[in-house]
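Reading through the structure tokens given below for one structure.
Per-chain residue numbering starts at 1, and chain names A, B and C are given in the order in which the chains are listed.
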Amino acid sequence: MIPVDSPAQQAEQRATPLDDFRPRSRARAAKNALATATFAATVVVLAVPLALVLWSVVERGAHVALERFPAFFTHEIPIVSRRSGPGMGPAILGTLLVTGGATLISVPLGILGAVYLNEYGSASRFARLVRFMAMVMTGVPSIVMGLFVYMVWTIRFGFSAFGGALALACLMLPVVIGSTEQMLKLVPETLREAAYALGATKSRVVVSVVLRAALPGTVSGSLLAVARAAGETAPLLFAVGASSSYNSDFLQGANTALPMQIFGNATSVFVGAQDRAWGAALTLVLLAFLVTLAARLFTARFATSGSR
Amino acid sequence: MNESLLFFGALAALAIFLSCDKKQDSTSGAVQNKAAESTLLTGGKVTLNGSGSSFQTPFQQAAIEAFQQSHPNITLNYAGGGSGRGRQQLADEVVDFAGTDAAYHAEDLAKVKGGTILYFPLLLGPITISYNLQGVPGLRLSPDTIAKIFQREIKKWNGPAIVADNPGVKLPATDIVVARRADGSGTTENFSNYLVAAAPGTWKLKSGATIEWPHDTMAGPGNGGVAQIVKSTSGAVGYVDLSDAKAAGLTFAAVKNSTGAYVQPTAESASVAGDGIEVQPNLVFSAINASGAASYPITYQTWVIVYAKQTDPTKGAAIKGYLKYLLTDGQKLLPGLDYAPLPQGLDGKALAQLDEIQR
Amino acid sequence: MTILDERPRRANEAFRWLSVGSATIVLLLLGLIAVVMTAGAVPVFRHMGLQFFVSRRWSVAGDVYGALPFMWGTLYTSIIALAISVPVSLGVALFITQVAAPWMKRPLVYLVDLLAVVPSVVFGLWGILMVAPYLGRSFLTTGLILAMMITPIITSLSREVIETTPSSEMEAAYALGATRWEMICGSIWPHSKGGLVGAVMLGLGRAMGETIAAALTIGSAIGQITLDPLKPGNSMPAVIANQWGEAYDLQKSALVALAVVLFGITVLVNLIATAIVQRSITRTRGK
């Protein structure tokens, strides 16, 4: 409710000239100022912990990440965990394998699924069901995915980077479908009609016209899903196993990844292991940051019809 | 209509896939080198995966590092995770070998999938009662006091039982924070076995790899996780193996043994405890609450467990080679890690048991 | 003429089947997850019955499994997280949309996004090594870390909802001489409160499902049901992550049952929240 000034305040207003629009009573002005100050304070409250976290990651991680550069990124993880010193190479490779594999599985599937939902199915019952289920899947906790992949894959085929990629793909798929469908919706109908008018088949229209128009937004949405997947730990715990040496075999053999190394070393009492965790955290944050930045650049440079 | 058809077709395919049985043996080594026993050093690459006891993790790590240098074609991964995990993963044939500080319980033996399990003892070591208390460098604790602390019957460091064990020491009124294991732990099992044996009237929580701890106790994964809680929390107390406690710079208490003497946890006092153990034919034994005036009462032991029947000859040869190393040259690594070596005769019996591994 | 027609038509059909197949996989996957998880949970329900939901004990040796302390831990840490995060998120959203000068908006949005980019395991690492020495491994520490993780979600959704307030209503308030705060109370709040509730619920869903940060900072206590935020506790996802590796059959089933309960609750919360947010946004955009 807009407060109405009291008779005394109204009298005060009549007595003063009306050529500025400042609020009249001091109480209301004070409340307003307090509110504004509170909002500004919340921004600070948000920024301070973020700064603290980033500062810790950089301060504690940079030391081991830069020690005998580029040892941290190429050397194997020290087998004796109480030893200090760099080496997270296998974890970096593992993250690339697992995240890359998940992307290769989920992005094409997700794009095709979104194509179905927007171009073929639209309002059919099946499409509505799929859309609903995809939305449900975005809310599945990552630990549930991890258990699922263990019960369906790991006990049959053992630990592998592929198992981890499967688990992450399950997490990424609904996100890719959702964001791609949004992008497809934004492509103007006139574009499609023009293509049909030129005699193209539906698949031609979708691939050459619609997808191309929606490409920047789709890429951006997928990159954001990749950035989130790169940082996931729980799905990998039961699918990937543990290894301190390089394993480039995607399909077989235990592997490791940056989030798993951070999780494992976070509970270690040895400073060397903790430092490696910070270094891995620094690497992971940089990786996620770069991927997100790439996603934003895509949206900014190539966005045509409709932004957010 | 088309969509539903596809859906059910895919469902049928999935059902067939899921009814497929567990994984077959699949290693790159097996494919390349089936007849490869004698080519342990020069044969194709072999990877052995192990998990389990965090007590033996420092030893495993040092041994793997040394062994891989002389056998570059063999890769070993030891993941730790607690004796419970090791036993479970070996039972499920998820790993090739496991570390455990306690034998399989009868009810879990039925779940072992691959036949007979062989126990290869490796070393002995003390469980320290590590604590974080400023200005109190030399704490002494009797079994009943330890039981009461970990049961949360004593909640402050200047509780009467602790004062009674430490005459003349100024103890602060700090709250005690109990740190224990979150995972299924052989260290927990041996520690609780000790309390059952040494403080039978006081200790109520029985024994096992996991026990029903009181509500407000903090838990960490592995010996290292408990050590981390103790190190970073003022007033904390926890049970940590000596190797990890010393490497982490923790302070630990002298514990009263069965003869009434307060003994510091060291490799020597653990060795004394190992002198009088009774070893079963399958090389299972317990060093807990051993007799002897100089023996540390909470000394325990650990094994590597493997299946007697190895399905993959190359892996079987690699396992034999690694175990042989652990029992011979590997034992030289023990003093540097604050472990006590196996008592005389036991390593000989373990080496002889190697022949029981068939491939 | 017919040959020229064949190739594009086959490609057309193939593409269509490909896209249908992908959509089917989504359904299959979710169905499979539901079936596999529920089947895995059956043994412990047969063993414990409804006691599973009310028992406080969790004993592997005694074959007793009770989910109550873990459900409490999940609930309590989420409430603490919301209590910290909701005021901050709303304040930031209002600042960005109402107070900030135009040149400030983009950097502020990036600031919030930066918080979202940091992976949860890094928050957990920071929590256990930098926060826990002071606040202990407790409900409070976990709630704090969770708050940091859900703030970006609530903030960006709230921003979206607030921005759907018709400018006519906002300008009308100003025209009547309202201060900014009065305008927010009078125009924005009545219009947005539904959507804001939805945004908060989505944050709640995320907080409840968070595994790794909770596993590191909550203390892994057993049977802890208390209002004291400084005591160690446990939560459903954390106990699953910590105990899965060594669990045999009945314990495994109990952990799967916890996952099923968690799955059910978070999906329910997310569905309600999404429905509320969608309704609030489309109502005014008139789509």
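Observations on the model:
Keep in mind that, in the parts below, contacts are C-beta pairs under 8 Å (C-beta built on N, C-alpha and C of every residue); 3 or more make two chains touch, one makes a residue touch a chain.
Since this is a predicted model, take the numbers as computed values, not measurements.
Looking at contact counts per chain pair, the maximum sits at A-C. For chain C, the chain whose average C-alpha position is most distant is B. Chain geometry summary: the mean Cα position of chain B and that of chain C are 37 Å apart. Separation between the centroids of chain A and chain C, computed from CA atoms only, is 14 Å. In whole angstrom, the spacing between the mean C-alpha positions of chain A and chain B is 38. Counting partners per residue, chain A has 121, 126, 152, 267 as the residues that reach two or more other chains. For chain B, residues that reach two or more other chains under the stated contact definition are 3, 51, 220-221.
For chain C, the set of residues touching two or more other chains reads 20-21, 23-25, 27, 32, 245.
Residues 8-9, 11-12, 14-16, 18-27, 29-30, 32-33, 36-37, 40, 87-92, 94-95, 98-99, 108, 111-115, 117-126, 128-130, 148, 151, 155, 160, 173, 176-182, 184-186, 205, 208-212, 215-216, 237, 240-241, 244-245, 255-256, 259, 262-263, 266-267, 269-271, 274 of chain C are the ones that touch chain A when the two sit in their complex.
Per the touch definition, chain A reaches chain B in the complex via residues 79-82, 121, 124, 126, 152, 155-159, 241-245, 249, 252-254, 267-270.
Residues 2-3, 6-7, 10-11, 14, 51, 81-82, 84-85, 87-89, 91, 108, 111, 177, 182-184, 206, 208-213, 215-221, 229, 232-233 of chain B are the ones touching chain C in the complex.
Those residues of chain B that touch chain A in the complex are listed here as 3-4, 18, 20-23, 26-28, 47, 49, 51, 57-58, 61-62, 64-65, 68, 75, 77, 79, 92, 94, 220-222, 224-225, 227-228, 231, 244, 247-248. Here chain C touches chain B in the complex through residues 17, 20-21, 23-25, 27-28, 31-32, 57-62, 132-133, 136-137, 219-226, 231-232, 242-243, 245-249, going by the rule given at the top.
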